[in-house]
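As written, the chains take the letters A, B, C and D, and residue 1 is the first residue of each chain.
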Amino acid sequence: MGNSFGTLFKITTFGESHGKALGVIIDGCPAGLDIDETFIQNELIRRKPGQSKITTQRKENDEFEILSGVFEGKSTGTPISLLIHNTDAKSKDYSHIAEKYRPSHADYTYDTKYGIRDYRGGGRSSARETAARVAAGAVAKLFLKKIGVDVTAYVSQVGTIQAPEYHEMDLSKTEDNIVRCPDPKVAEEMIALIDQTRKNQDTIGGVVTGVIKNTPAGLGEPVFDKLHAELGKAMLSINAVKGFEYGSGFKGVEMYGSEHNDLFYNDEGKVKTKTNHSGGIQGGISNGEDIYFNVAFKPVATIMKDQPSIDKTGDDATVSGKGRHDPCVVPRAVPIVEAMAALVIADFFLINKTSKLSD
Amino acid sequence: MGNSFGTLFKITTFGESHGKALGVIIDGCPAGLDIDETFIQNELIRRKPGQSKITTQRKENDEFEILSGVFEGKSTGTPISLLIHNTDAKSKDYSHIAEKYRPSHADYTYDTKYGIRDYRGGGRSSARETAARVAAGAVAKLFLKKIGVDVTAYVSQVGTIQAPEYHEMDLSKTEDNIVRCPDPKVAEEMIALIDQTRKNQDTIGGVVTGVIKNTPAGLGEPVFDKLHAELGKAMLSINAVKGFEYGSGFKGVEMYGSEHNDLFYNDEGKVKTKTNHSGGIQGGISNGEDIYFNVAFKPVATIMKDQPSIDKTGDDATVSGKGRHDPCVVPRAVPIVEAMAALVIADFFLINKTSKLSD
Amino acid sequence: MGNSFGTLFKITTFGESHGKALGVIIDGCPAGLDIDETFIQNELIRRKPGQSKITTQRKENDEFEILSGVFEGKSTGTPISLLIHNTDAKSKDYSHIAEKYRPSHADYTYDTKYGIRDYRGGGRSSARETAARVAAGAVAKLFLKKIGVDVTAYVSQVGTIQAPEYHEMDLSKTEDNIVRCPDPKVAEEMIALIDQTRKNQDTIGGVVTGVIKNTPAGLGEPVFDKLHAELGKAMLSINAVKGFEYGSGFKGVEMYGSEHNDLFYNDEGKVKTKTNHSGGIQGGISNGEDIYFNVAFKPVATIMKDQPSIDKTGDDATVSGKGRHDPCVVPRAVPIVEAMAALVIADFFLINKTSKLSD
Amino acid sequence: MGNSFGTLFKITTFGESHGKALGVIIDGCPAGLDIDETFIQNELIRRKPGQSKITTQRKENDEFEILSGVFEGKSTGTPISLLIHNTDAKSKDYSHIAEKYRPSHADYTYDTKYGIRDYRGGGRSSARETAARVAAGAVAKLFLKKIGVDVTAYVSQVGTIQAPEYHEMDLSKTEDNIVRCPDPKVAEEMIALIDQTRKNQDTIGGVVTGVIKNTPAGLGEPVFDKLHAELGKAMLSINAVKGFEYGSGFKGVEMYGSEHNDLFYNDEGKVKTKTNHSGGIQGGISNGEDIYFNVAFKPVATIMKDQPSIDKTGDDATVSGKGRHDPCVVPRAVPIVEAMAALVIADFFLINKTSKLSD
């Protein structure tokens, strides 16, 4: 259960870390969209392992194949299926943990829930599943480009090192460094911290900030499916995420209403707000201002140090630090956050076509 | 769209702040459950306005009526409908803002989305809708009691005043004071701050912490419908919520994997973890430890001070501080957080009955 | 489970035959629709009991009340809730069958499924639930009028008495007689047969034919949610329905492809077909021709004669013919068939707004 | 939209007739089920083209590949993806109809709905999509075997040639002849008729009857998701289906209640009915008796004779009888009907695990 996301622009992902392939079905992409395969591939490259010294050295090209839903370069309105074959799946790396429960991994909970578990590389619980999300998100981005919506994300924190506010930086510089922080100086510090952490055979957490510009006002459904509620679910469904906040977020707790309220004004016929503590969303519906949010990632659970644990039988066992993993997940999480955000906005854009009679 | 929540234990709410009534339909409550109407009423009383000097003085008894789905005191498996009539709906209070956009309210976004708006008391965007959630959540709680799950929440922060960690307090004391903080001393400070804020004609934010004990391991679906992702969506769908974090949350960002990992041990045959940064959820699935999370609430947007704004035509307008509102929403938000949490756990409990063949 | 119908124009019904009330929530009706309460009431009057000598004599005015979702006569985009109170619920009529299983009723299956049953008038399994469908369908009809779609139905068969094909009759005459057959002569025969059947303390089956004109081409989703598949589900979900066919239906089985194929031609720029064995649907999608279909209703299970049966304990029991019931259900089923058809078309119309990029 | 079917045992299909591959994702198959690949392959062989002289001569081995969700031969609870590659896709066969609208095909409706169409072999509208359903249905059958449910189907009518009632034949003989009718004599007549029809360059319709034995009582949801309503939708979603009836079906219309009612009796502690006009379903819920139903298939639209039509521009055009097609679809439809029925029962079986508190 729960391998689908979205209502009208709906995706279903499948595949295990060390199975034959990963994939995603997109059901509901409007017909007539130019499917730019180079763009999709580039998004996958932004997420793929082995892209720099601060990411896992697992080698996957993450080349994808479109099996259906695209004809002569355009979406046809039928399900678009994207397949990504696994090439560097070293199952032997994992046989040693077949019977053991890795600390803060899903081994124990999967065993309890299903009574069986594909232990190879974490199987379905591996973040490798997010490659399928990035592929689908790339299609959502192609759709959003058509309506002028711009979805970006960047690394705003690693450990205790924080970047400035998003409006204080040039977000076009995000891809200029391997940690994906638009501030070059802060980026250097982050890279140094991650590199040192890796040398210490340890891992560290971080924050990815998402920024969505030019969202038309009116997106989001006002009660349970508030725009920020779906965004939050989307982000919290990403591996290793521990928290989500938008607009003023947790800091807003300490403010008074008289400070926090965003005053409306008339900007040459356009309704704007003087401040944006609302994060572009009021009553669960976009108001046209920038949507911005933070996503908290915990330190990766797999560390290179040995850790005490237990096995299936309850006996003591040592989980030894083998395998190839990221010392910090946030650099590679940036395209994943963008993908999930794009999927949420695309879905609400389609849903909103039915809100009004005149529409 | 988006007025339903849940998959198998599914609710649909309806009703406006100043309409005839609010209500909720529960579709999927298992048959044979004793429907304790006194318990449901008491949950509504915990949320109802006018309950103390630090809440709005609007008078609503929030008495409810069961229209269907219950026969001779038991659920029958058919939809349970609960109706709450509005009695103290002073529409004249609101006529003055029919044409104006209140800062940080949903007036502008509703107008943009629907082209029409029931402006009386915010209509559907009013937090009054949460009365229906509390009624449904009470039924979910009755179901969870049968399986031993205990859902509680309390106020952990108002402005900058913070309570200790949940395991450092006696949660049974939450209802002993009007602010619903289990620490009596901290509660006093919180009450003083809220009271002063009210006198200043202002409002202030806060945090509600939820704690779920005795959840069986195995609940939650591992990919998009992770237990914490649904919990997060549930909380973010509550009016005025700006953020959600579970377990180590945003603090986890600053930790190293070697500190953050929860080590497993064998507690007389039971699998337990020495720490619980995971917040009782690993890979999106409950592991049997306490589930705990924080929900950030912004300061209420309606303040008693006049505020500059614009009207539908774009002309300048003054929103004057009328009406009856909460200076701080968190004390009344406690039962709402509990209700949404109970609905999420009940739903996943039912879904999990189908995970394994042996089940 | 399963008390909701539709994807974007979605309804949820609740209520038992002898409970306090029946009702329906409409979630997804576009904002700005004029809600003509007189029209809704008239649709309910077409379905209500006691309307003629050939229907049950139970007296229900079926007056409805709108609790939410309508403001100043227009839909607001929020859930529209319609409530119908039960007034003539004579529970004593039913106490005698509390422990017995009535032949071809849902008593035994409800007991098996839920372990508990509201036996009063069949509880949730009573066709009284369809009053809520008719109320919701009336709103769907108001929406369809705006886009020019015309949904009608009539009685085409009672027992072995059949009416001519729909295009051979003037469908505007359907309401001119109590059996709702547009052919006055056939109507007379049908009424005589039903009347005689009632005098024989028996019941008889019938067929309702639905005709939908002016459906825009392009409605329906091509694989599982074909327009005729959803129509079929909608009709089969009505009490006492045993079969559904559209276009050539079961007769089409005996035809050759060369006879059955509908040849396209260009009618002054409009694409039309010379015949319409397709029933206005090709590949699950409307083609603009008339959509027509037949719905088979079995004879009502409650008869006035005594019948042998068993009780909960498995002991022999006699089900005596008490209560007030229809000798033939089809006259009152006409507005129900129309309501369900209207809901299906309205839903697909909204869904289709998202099929194409240009849209 | 609409490429998924089911609630808990949920499938999503994808792929075009002449694309790279077809496939299906099964989300919700309980963990621990032995996935017998030979059985799945055999089900695909029962449906595959070129299996006899009375089916299309297109050559497809319909070999499938499992990409995920199965580990060491067992389902893991994660999505099971099955892929079927297209090998004999002769696109040139179809270029001639790229611009033309084939009579009673989906060409015109797809063009209208999507503004673009993969015309190769009908693209997504081709019955080739049903291969994915058969693969998924085979997994559902493996699950149903575990609970003792037996799903079968056979050809009960071709043109005007009808087989006896299902209980008058030995259903184990269905696979003994190429037309899949358990009565050898009737089968011969059917084969002769189909063969003659093929020689006449024409096509003919037929009926497939489904029989489900040993369904536990209690499956199906009583209002919109009645067991027969979902079965009906499932069958009507199969290409070329024009009608569905269960139990007494359309014949029941002509019966009196006193004849039609199925009287209960106590069969050594088991509740049984003396007749089964209800078709094993009462009030939308299974009662433990045999479930049986008829599915009407129209004659295949593609005939070998030339037919007049129009093209995209509205000009007259001739559709010439090329390609490789079935003169009668029902022999190959038998496994498809079984597959869809198995998916419906498996889904309701899982849903029903949550009906009662005691469960």
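Annotations
Rule of thumb we're sticking to: contacts are C-beta pairs under 8 Å (C-beta built on N, C-alpha and C of every residue); 3 or more make two chains touch, one makes a residue touch a chain.
On a predicted model such as this, the values are computed, not experimentally measured, just so you know.
Common neighbours of subunit A and subunit B, listed by label, are C, D.
Chain pairs B-C and C-D differ in how many C-beta pairs they share in contact, with the greater number at C-D. For A-B, the equivalent interface among the listed pairs C-D, A-C or A-D is C-D, as over half of the contact pairs agree by residue number. One inter-chain figure worth recording: subunit B and subunit D are separated by 46 Å, centre to centre, where each centre is the mean of the chain's CA atoms. If each chain is reduced to the centroid of its CA atoms, subunit B and subunit C end up 39 Å from each other. The geometric centre of subunit C is 26 Å away from that of subunit D, both derived from CA atoms. Residue positions 1-4, 8, 13, 28, 31-32, 77-78, 113-115, 124, 222, 351, 354-356, 358 of subunit C each touch two or more of the other chains. Note for the complex: subunit D touches subunit C at residues 1-5, 13, 101, 103-106, 108-110, 112-115, 124-125, 129, 157, 159-160, 197, 200, 202-207, 217-218, 220-226, 228-230, 232-234, 236-237, 242-250, 252-266, 269, 271, 273, 277-279, 282-287, 294, 296-303, 305, 307-310, 314-316, 351-352, 354-358. Across the complex, subunit B meets subunit C through its residues 1-4, 8, 10, 12-16, 19-23, 25, 27-28, 31-32, 65-69, 71, 74, 76-81, 83, 113-118, 123-124.
Note for the complex: subunit B touches subunit D at residues 8, 28, 30-33, 75, 77-78, 143, 146, 222, 350-351, 353-359.
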